[in-house]
Amino acid sequence: MRLKLFQDSVMKTLCYFAAVMTVAVCLGIILYLVIKGFDQLSPDFIMTEPNPTFSQDNAGGILTPIVGTLLLTFIGTLLAFPWGLSSALYYTFYAKKGKLRDTLSTAIDILAGVPTIVIAIFGLAVFTNPFWGFLSSRVEGVEGISKAFGRSFWVAGITMGIMILPYIIKTCAEALKAVPPSYIEASYALGADKRQSLLRVVIPAAKNGIITSVILGMGRIVGDTAIVWLTLGGTLRMTGLQPWYSPENWPSTLQNTGSTLTSYIFYTSPAGEGNMPSVAFGASLVLIVIIIVLHIITDYISSLGKLRDEE
Amino acid sequence: MKSNKRMVKDNIFKHILLVSAVLGGLMIAFIFVFIFIKAWGVLSVSGLGFITETGFSEQIRDSYYLAAGEQTWFFGTKGLFIATLLTTAGALLLAVPLGIGTAVIVCEFSHRAIARMLSSVIRLLASIPSIIYGLIGLMVVVPYIKDSFISPELQIQYLYDPIMRMQLSGKSLLAGIIVLGIMIMPILTALTVDAIKAVPKSYKEAGLGLGISHWRVVTKILLPAAKSGLFAGIILAAGRGIGEAIALSMVSGGISNVPQVAHGGVFFLTPVLTLASAIVNKSEAMSVAAIESALFSCGVVLILTSMLFSLSTRLVERAVKMK
Amino acid sequence: MTLSNISIAVKNVDSWYGEKQVLKNINMEIEKKSITALIGPSACGKTTFLKSLNRINDLVKGFKISGIISVGGQDIYKDIKKASDLMFLRQKMGMVFQIPNPFPMSIYKNLALPFSEKNNLSSRKRIDEVVVKCLKDVHLYDEVKERLDASALDLSGGQQQRLCIARCLTITPEIILFDEPCSSLDPISTLKIEDLLRELKEQYTLVIVTHNLEQAKRIADRVGFFYQGELIEYSAKDKFFTRPRHELTQKYLAGKF
Amino acid sequence: MKDLKTKVIVLTMMLCFVLVGTASAAEGIKVNVDGSALNMDVAPVMQEGRVLVPFRFIAENLGGIVSWDAGSQTVKIVTADKNVSLPVGQTTATVNGTAQTLDVPATVVDGRTLVPVRFVAESLGADVSWDDATQTVNVKYFSGITGTLKVGGSTTVLPVAQASADALMKLSPGLSVTVTGGGSGVGTSGAKDGTLNIGMQSSDLKQEDKAAGLVPVSVGRDAIVVIVNKANTVEALTREQIKKIFSGEIKNWQDVGGKNAAIVLHTREAGSGTLDGFNSLIMKKEAEIDAIAEPHASNPLVKQAVANDENAIGFLSLGHLDTSVKGIVAEGVVASEANAATGQYPFVRNLWLSTKGTPSGQAAKFINFVRSVKGQQILASEDFIPLR
């Protein structure tokens, strides 16, 4: 018995060690970014537009990348969330168990292993079809060929939505499955039909899981580089009618190209051609702050839910 | 009358769901078909040789510099395939114990406030973009490996190595494993936490009620009960590992070597190229049709690998369940 | 009730969930090798009381307790400090829950796990013997002997509950606590369990929380009536049902709550 | 790079002085190109109602590359879409192969060749108007353009193209130019399949791409510099030595005068324009880069790798050279913009903008803008070597 307890405590210590490692890695990454990027931070850096140049002194700020990140996240989530949730509802509560569901869940697992650059190329290939010209814009003046440009906030947002769709379906389905069947039965017993039961009982009960899945999806959009690089053009600035921020130009802004924080980091880091590592670290720091804010918001939302549950 | 209206509504609702589910399925199928069509050119020429032959880097170079008619459509990605498996397996070996250990602490052995902080940290780590992991891998991990493991003598020795000549510069299998391991650990932890939390509390009560120590309850009852969730987490993490492109392309060396066991510890210092990062690294050469098709073929191999992986895990899972 | 006959002695126990007091000044002595039934309306504190006896309530956030609960002469809240002592306490007291909760593993493993956790270095043969014996003790062996390797979750509710009782028996406890063990079962399974309880009291001290007055009448030796956190009445079965002293007890027996 | 900037400044200042000196002689005739006055060292001359100006000024501001054929006494102006030759003293000129008649021929005044502004500007595609009140010739070429233009490809050319696009869009508010990266390969395939109006390349187009109808126009040049770690004692190498090092024939620094250490090779990924340039300028199909060389995705990555490894060698686009590494003296010539501009430095490649078919419309104007005086200033400010 004593030996067993000793073994237990050794193993437990190892686990604590693992947890400490996790925290250390996280803090290490954030600290590293803070040290490397803090000097860069200033209202100017955040509020001015970037300049396309190889010279660090003229690099400008990261206003448009920040806006781009938010725009893409918004479009992608807006597309993938309702689509994914309703698919998950169908697969969980309507589809018959069997081959179809198995195949789909396998396909989703597999798609998770496909690098996003493949999906990016897919998006680019599809959306350069002139049929989708309204999402970006037609390329004018090339003789004999009619093509769409295939790069814009719409295109990138939709491609992002497609990229995260499988995750949203999968994680939502998991959250829905975790709702005890007794809830649904109770709802039926009160005379509700399936639709009402799903909308009023199951979805609220699975709310936290669903929120988590959306947040995970958003995280993937915020963090993706390849799709942005190919389908958003990686142009640093907003390229629609200027000024891009005045409301009458929004449609044009969305139809045109831009950048996100990740594509900006890619461009300015040694991995791209930009050659401005300290700017890249500054932008990384801002990106991390955005992600942390995203987390705080969701923690707050889910804590609201919990409070109500406990009452 | 009223119930009739309700039925109609119910029906409409169901069909909306059906349409979105079908569209979702079609989309996924469409992506697969697209990739396969693009890959066919190379796959039909290379056949099985695509994964049993080596020489990918040289073949890319040859295809790129030869004129359209003379290019080879034969590619061999054995090195990429093996490197993909090695980095993913290594990363899992690193991440699974750390991830499960952390998850156990979060769920069972920490104060609520600390648990909450820990899970925030984990989710934060899970959402750090891979480009940042790559950047830090490049700035911190790679120089560290170079400084601590690679001496000038070793460099000279491997420049003339009879089995496989290579340059040791720090970008290596090891760097890939470390960066990938750190990347997938939080995903694994988060999913393990979810899986453990999903185990009914009554199991824990029953176990403790039988006088089994808390730790044993966790390892003998809760973790086995969370098994399918754990498997799902590992599959997802492995999928992420197999498909990770940007971070690995920044730290793993970019050459389609097959690490040699005969090299001993230097095995891990071999520069490698994985399937996914090949797609990123070589994408600039994609204007050449043969290379484009070869890169999509890498995508196909990735898909098939994950498919095989997911199927075999499912079989294992089923076998475990049977027991 | 002589001193040597007392298994659990409870003195002046109060307890709280956060600010809310759930047990008020409970005093009670539980006799060895008998069935003590605890009854009362929902949320009256009887399950809290039961779960205090083996300190499973420690898991609940904000749970506090004062007073003395002594098991075999040991004050289980004050004297037990180390995790290992708590384990010994719990090994002395099996617990069966309201909803059958066999572990999600094979029938065999459900019994083998607690047994081998308690007894180090047991041979496979010894484990086999214990498994068979305990299954026989709960009259489950004949129903499952062909499929000991099947998942315990495939059993019916009644079978699962008997398996849970067998699981308790593997650790050879002195006391077994039952938290409404039949509330989720059909009448036939219920009767089987009740028969089993009557057999078990030959060897074990049984404490059972039940909603079912008839069940208490059928099986209990002594009955305690809880109401709003207080132990209103505690006496031998016959006296309890035929001549209840307290007005509230009379009302409850008459079904007036 | 510094001395080029100095040169530009000095030149501009000199121009100003000259302008002040000759303004009175110009009798008030001014030439405006897209709203800004043309500053010339020789004042415009009025002849038979036509304004004549030095041909270089008008042509270069519209993106033309000019040459003077002394034998046939002909001025030649080449832009992305036009090819004008103008014999001095004759009233016939050729525009894109078609003969055209002028009312006033090009003439030589004080040893300078002056050409009629209206004819030259119009034949290059500009609008010309005469404002009698202010005695001004207004040439409109880069202003008032409308429509959209999609430009994409090489990340090396991207900053130049983007800055040019910004400047051009300022002149023509109705024009929207989108510039996107992706690499030379993306530029080539995009221009071929019609998703881009203009592709940007930092390497020469392949024969098959030209056969597919792509027409490349050079907009500037870039030098490739071989770099080593600062601690390396090797200062200079010949092309032959560099070739042997990169092909793996020379494996140790002591074979080229350094210390006894392994040479660690750093190269670029296939598809990189810089690698193409390196191959065609240095390897010259005589040898291949050793397969064990570590491939990098960008110039800064190569630079970082070389800066961190005492025994490393790599190559960069000259614009990326800084003090963290050491540029190798190649064939006895220091790698600098001045030496590259004079042609002494051997490893110089072209930067291209290419279109499907001969450039026309907005695409031609964009390319001409990059080739114009303003565009070339932008190019020089990004440390590339201008055409002139």
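Side notes on the structure shown:
For clarity, chains are labelled A, B, C and D in written order, and residue numbers in each chain start from 1.
Please note the rule applied: a contact is a pair of C-beta atoms (placed from the backbone, for glycine too) under 8 Å apart; a residue touches a chain by one contact, two chains touch by 3 or more.
Since we're looking at a predicted model, the values are computed, not measured.
With contact taken as defined at the outset, chain A and chain B are each touched by C, D. Hopping across touching chains, the smallest step count from chain B to chain C is 1. The most distant chain from chain D, with centres taken as the mean of CA atoms, is C. When chain pairs are compared by their number of contacting C-beta pairs, A-B comes first. Annotation: 40 Å between the Cα-based centres of chain A and chain D.
Distance between chain centres (mean CA atoms), chain C to chain D: 90 Å. For the pair chain A and chain C, the distance between C-alpha centroids works out to 51 Å. In whole angstrom, the spacing between the mean C-alpha positions of chain B and chain D is 44. Contact with two or more other chains is made by residues 4-5, 269-271 of chain A. Contacts with at least two other chains are made by residues 138, 213, 216, 250, 280, 283, 286 of chain B.
Counting only residues that touch two or more partner chains, chain D has 182, 297, 304. Every pair of chains meeting the touch criterion is listed here: A-B, A-C, A-D, B-C, B-D.
Every residue of chain A that touches chain B in the complex is listed here, in rising order: 4-5, 8-9, 11-12, 14-19, 21-23, 25-26, 29, 32-33, 82-84, 86-87, 89-91, 94-95, 104, 106-119, 121-122, 125, 162, 165-166, 169, 178, 193-195, 198, 215-216, 219, 222-226, 262, 265-266, 269-271, 280-281, 284, 287-288, 291-292, 294-295, 299. Chain contact summary for the complex, chain A toward chain D: residues 51-55, 128, 137, 139-143, 145-151, 229-230, 233-237, 239-242, 256-257, 267, 269-275, 277.
The touching residues of chain C, when paired with chain B in their complex, are 54, 56, 59, 61, 83-84, 87-95, 97, 99, 101, 103-106, 113-114, 117-118, 149, 151, 164, 167-168, 171, 177. Taken together, the chain B residues at the contact with chain A in this complex read 6-7, 9-10, 13-14, 16-18, 20-21, 23-25, 27-29, 31-32, 34-35, 97-102, 104-106, 109-110, 118, 120-136, 138, 140, 182, 185-186, 189, 198, 213, 215-216, 219, 235-236, 238-240, 242-246, 250, 276, 279-280, 283, 286, 296, 299, 302-303, 305-307, 309-311, 314.
For chain B in complex with chain D, the touching residues are 57-58, 60-61, 64-65, 67-68, 138, 143, 146, 152, 155-156, 159-160, 165-167, 169, 171, 249-250, 253-255, 271, 280-288, 291.
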